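In the two complexes that follow, chain A is the common piece, with chain B as its partner first and chain C second.
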Partner chain A sequence: MAQVKEFFLPDDLYYDRKEHIWGRIEADGVRAGLDAFGACAAGTFAYIKLLPKGRQVQKGRPFGSMEAGKYVGPLKAPVSGTIVEHNQEVLDNPRLANTDHYDHGWFVVIAPSNLDADLADLAHGGGVLPWLAAEVKEYEEGGKLKPQEERECA
Partner chain B sequence: MRVRLLDLGSVPYVESQTIYHGVAYAMTDASPNTISLMSPESPYVSIGFHQQLEKEIDLDYCAKRGLPVLRREVGGGAVYLDRGQLFMHFIFHREDLPRKVEDLYKLFIRPIVDTYRGFGIAAEHRPLNDIVVGSRKIGGTGIASIGQAMVVAGSVMFDFDAETMSQALKVSSEKMRDKVYQSLQDYMTTMTRELGAPPPRDEVRAALVANLGKSLGVELEPGALTAEERKTIRGLNRRFASSRWLHQKGGLSRRGITIKGGLTVVEAEHKAPGGLIRVTARLKDGDIDDLSISGDFTFHPAPLLGHLERSLRGQRLDAQGLAAAIREFYAVTGVQAPGVAPEDFANALVLLRENQPA
Partner chain C sequence: MWIFHGLAALSLLAFTAGVAGRIRFWLRAGRTGAAGSRGGVRVAVRTSVGALRKPRALRALAVDGLLFRRLWRLSRYRWLIHFLLAWSFVGLFPIGSLGDMVASLGIPLGKDDPWFAAINDTLGLGLIAGVVLAAARRLFPGAPRPATAFDDGLVLGLIGLLALGGFVLEAGRYLEDAVPASTGGYAYAGHALSLALEPLGANREALHEGLWWSHALLALGFIAYIPHSKLFHIFTAPATIVRNAAPTSAQFPAPSTPDATPVAPTAAVGTGHWALRAGQMMELDACIRCGKCMRACSSFQARGDEGATLVGMIRQRRNLFDVTSPLAGVLGGRNGVSAEQWERFQAGVFSCTLCGRCEQFCPVGIKTRGLAMALRLELATARCMMPKNLGVARDAVAEEGNVFRFPNEDRAMWAEFLDDIPADLMDKDHAEVLYFVGCVSSFSPAVQEIPQAFLQVLLKAGMDVALLAGNERCCGFPLIMGGLAGDARALIDHNMAELRRLGAKLVVFNCPSCYYTWKKYYPVEAEGIRLAHASEVINDLVQSGRLVFESGAMPVTYHDPCDLGRGLGVYDVPRDVLKRFAPADYIELTPSREAALCCGGGGDVEMWDPDLVAGVNTVLTDAVLTTGAGLLVQACPQCKRVTQRGLESRGAGVRTLDIAELALEFGTFVDETVAGGAAQERESAWHR
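Right after this comes the complex of A and B.
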């Protein structure tokens, strides 16, 4: 696992370094959600909209959108493929994306079409901790993230 | 860091939305960070990205007034916009801005606050994203990630038409509309209201540009839209005008209306044995700030209903506390309300909590 300050990122997942979307490889496809750092930056989720099941998505293109803490943004696919599952629980209770990032707070499952190539540039395993540490350091030192004692994140 | 300034003056109403979206969508790694300033040539209504048009807007009223409606890709609620506001947008590379939303708002709001202060208006930033003068809000702001860009949108308020705003919103009753209008009157302000007359527009714009440069620590470079940006904007003009874009199903439930941070107007209903109770309230930090009670129940003598409404101001939305206060009111006044127990009023009021905007 990778833990930097309050941010916990399981290192068995794959992470889009820019979007902070995680992917977990499962039998039916790649389950995707937002990691702890991304959720902290976005603020409290108020609404989540997801593309319908059966829709094809491209890696780096939106599979949905979210509204949180006076902010709206796309949710971008970590891999290309077809959306095969939605998380109705997170649609009904968007705050799960803030409080239960890696379990009940997931968004979609994507049946991948080009998995090996798509995973190549995602952070994984031993690469997660140094990336996360650098990310937190960069944002804190650059004044882009408040000091830990002033942050209010799950 | 280079920052391009697009000082565009008055633009067609559609483009007052599509220009900043277009600059964001056309952004590449080589694009400069951009700040745009503009006002719409004619009035319109804008709804938030995730809102459902039919639920939020009185379309008959807008049609009668000839008021077009546009869906933006920035969040928040429906708002009436016209030449009384000077729109400002940051369209920046994400890596050049603070990561946390609240820090982004600080950066964006500071030059607006400094500009108001320069004209003698005691504005301040009230987190998360309000600018206030005392208890009154003077402009709102919103953030969206669009294309490669992070966009922060806000305005300088020369003037604001609360009457048209309250008419354009779809509300569940005229009482609710009255309360929205009154709350906008009571809790919104503008430069015109603060100063007694609108200040010269050019002077305000010049002050804002100077404050932007100072706040960001850069010299703003006056610039123009590129050919690629213009092409993107033309495409967005068509998309934003399409019925499919406007009528897409949203789902962000806003059964109440936010006037400013911590201040909402909300309505709720409860069916008591003696009739329907409808409560329309302004809530301040979740407590009752102002209240109207209506319905088809009997309350005798009727003038006491107004007394009950006033006696509940300042109350928390707590079922037990409310029921106790209303029981006491019944006992002291001897009011007759067949089939409507104090607990029925309390139940209606507690429902307000659930109906507050997200």
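Right after this comes the complex of A and C.
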């Protein structure tokens, strides 16, 4: 588990360094969600839309979109493949993405089509902590993230 | 007497110098980066003089400028105060200053003529009554009003002293001349005062002379003060009413090119750029600080910041820029401008949602939205003063073609949720109709059902429609509203080029802001291209019988979007649809139409102050909940986005639907041949 300040990122997951989307390799595909840091930076989730099951997505291309207190934007796939599962729970209650990042707050499961190559540039294992530390520092110094004592992130 | 004439000449000189100062101030007007201030004044003069030839402007001058009809509609109490002050003053001025001159010309008219004396005293009492009522209103305000400035008190005090002094002077004259009651009795107030003063036994000649000089000096000082104070609205308010009464082709300032080098915020006057036009500079002088705009402002209701209201912006703008009136500078304490003042001014200007509601409440008819936009243009473009996130949005538009920095190539992702759409929808070489979706509809997951619904309506109606998808760019609206109109030019050129490539002759919108921008800023009229909002398209289908609603409607209300209603005057069309949908259950929202409440989502404010947006929206949702309607229909994705979130946060069980969603969910499409093919004919009714 990598931790910087209040942000916990399990180091067994794979992380898109720019989008803060995590991927967990499971039997039926790659489960994807937003990490604790990304959820905090985005603000409170209000709306989420996910492409229908069966749609092909490319790594780095949207599999859905989200609207939160401070952000409206795409949710980008960490790997290429086919969307095989939706999290109806998070569609009904988008705040789960803020409060339960790695369990009930996931978005989709993608059946990967090019997994090994797609995982190559994702942060994983020992690479997670330095990347996260750099991200926190950059966001705090750039004013994109409030100081820790003022933050209200789950 | 030569001393008096000398002083009178000095007073007139100060008056003339003040007027010249104000005109010099207006002469500084000009478009950003352009040196054409004289051109700007020429345009303003031409507009005003041209307006006078129009019956509508003359009527406005008579009923609004002279009889204060707008004030009458807004508040009878304020109308009475203003009527008493204005017309008593207008009546007394010739009586006091010309009365003796008239008699000296041999005209048989004197101050002691019965009817003359009676009118004189009645007007004087009217003036005092006006002052007392105005002072009472300031001392015991029933509603929020702008902070009283020194100038406000001084003007009232001067008028009151002049009126009281006039009576005392009249009493002194009666005492000196021993005017009998049979003559002086008509001047009932002055004569009664003379009887009260009679026991004092002072030197009556000296008393009268002293009173005369006191009154004369006060009057001369008053005249000199007029152009340096809010009293100047005596001239600028009627001029503004006339100028703004005549319909103009462009309600908002035209885009400008930011080709000028930005200047430092605290740069001296004269080195800055003036985004305001001459007529708008005059509007700054026409504001009477009545505070009607403040009470109409949802942003003020939500935050209580006077700086976000027009009266606050005008006050600060004048304090920052107006150095042409040294007298006002001394009296008003305008002794230098600090960076903090600039920052306060910026914060206020960028807390306005630009809904334009206050325009309906301004008694002198100031085009408030245009003025607020010009102030933003001046700050953002000419002085590089803007909220940080506006700069971020500008950069996002430049890099991605949308303010969300969403990958523009994924602009039509909302359409991927639909089945059975034509495969070539986004790849057509030619189409009759272009559906310009807009950024909010394209990217916000909160409202993407709106474009999905409207596209299906268009397809069901059998239209040959195309989407630009990744080739569509922001229409420019957020930049124009943010004061960065020059940055919108490239977007306008791009979207027009795409339209020309497609060859469409009709562009349809579900977003009123895009519609507004295209209508006002895109060169479509010259190219014979028609524009239509979704509500107009849907109403056409409804009225021609192509779209029919199932019975069993529910209580429904409608909220007018600012850019569709106040911006483009489309009020009846959506209501016509709703009255077909719910003939017996339509509930008019109060207030509505021209006075409709802002949803909070305008003016780009959400980019830097979402809490203020939520506060403004609460005012609207309060009104919605009051209706008891179970369904709120809107015709704007941004309104729906903000309002549905507001209603949800309040736990209100009111459903929000866009008019396109309403049509798709509750409407049934009838084959064109069955409906008689009238839809095609009705297209001519769409806005050209």
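Here is the rule we go by: the second predicted complex is superposed on the first by the 152 of 154 C-alpha atoms of A that agree within 3 Å, B and C clash if a C-alpha of one lies under 4 Å from a C-alpha of the other, contacts with A are read in each partner's own complex, and residues count from 1 in each chain.
By definition in this document, a residue touches a chain if its C-beta (ideal position, glycine included) is under 8 Å from a C-beta of that chain, and two chains touch if they have at least 3 such contacts.
All values derive from a computational prediction rather than experimental measurement.
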With the two complexes overlaid on their shared chain, look at chain A and say whether chain B and chain C clash or fit. clash
Once the shared chain is lined up, is A:146 touching chain B (first), chain C (second), both, or neither of them? first
In the overlaid three-chain picture, which partner chain does A:83 touch, first (chain B) or second (chain C), both, or neither? neither
In the overlay, answer first, second, both or neither for which of chain B and chain C A:73 touches. both
Which of chain B and chain C A:65 touches, first, second, both or neither: both
Quick check for you: in the superposed arrangement, does A:46 touch first (chain B), second (chain C), both or neither? both
Kindly classify A:110 by the partners it touches after superposition: chain B alone (first), chain C alone (second), both, or neither? neither
Touching A:128, do we find chain B (first), chain C (second), both, or neither? neither
Considering only touches as defined above, state whether A:55 meets chain B (first), chain C (second), both or neither. second
Among 331-339, 349-357, 421-429 or 673-681, indicate the stretch of chain C whose C-alpha atoms run into chain B. 349-357
Would you tell me the residues on chain A in contact with chain B in one complex that are also in contact with chain C in the other? 46-47, 49, 65, 67, 69-70, 72-74, 143
Considering the complex alone, what residue numbers of chain A touch chain B? 40-43, 46-47, 49, 65, 67-74, 139, 142-146, 151
Of all residues in chain A, those that touch chain C in their complex: 46-49, 51-52, 55, 61-62, 64-67, 69-70, 72-74, 143
Chain C - residues contacting chain A, complex: 388, 404-407, 410, 413-414, 416-417, 443-446, 448, 610, 645
Taking the complex as given, what residues does chain B use to touch chain A? 48-50, 73-76, 97-103, 105, 128-129, 141-145, 250-252, 358
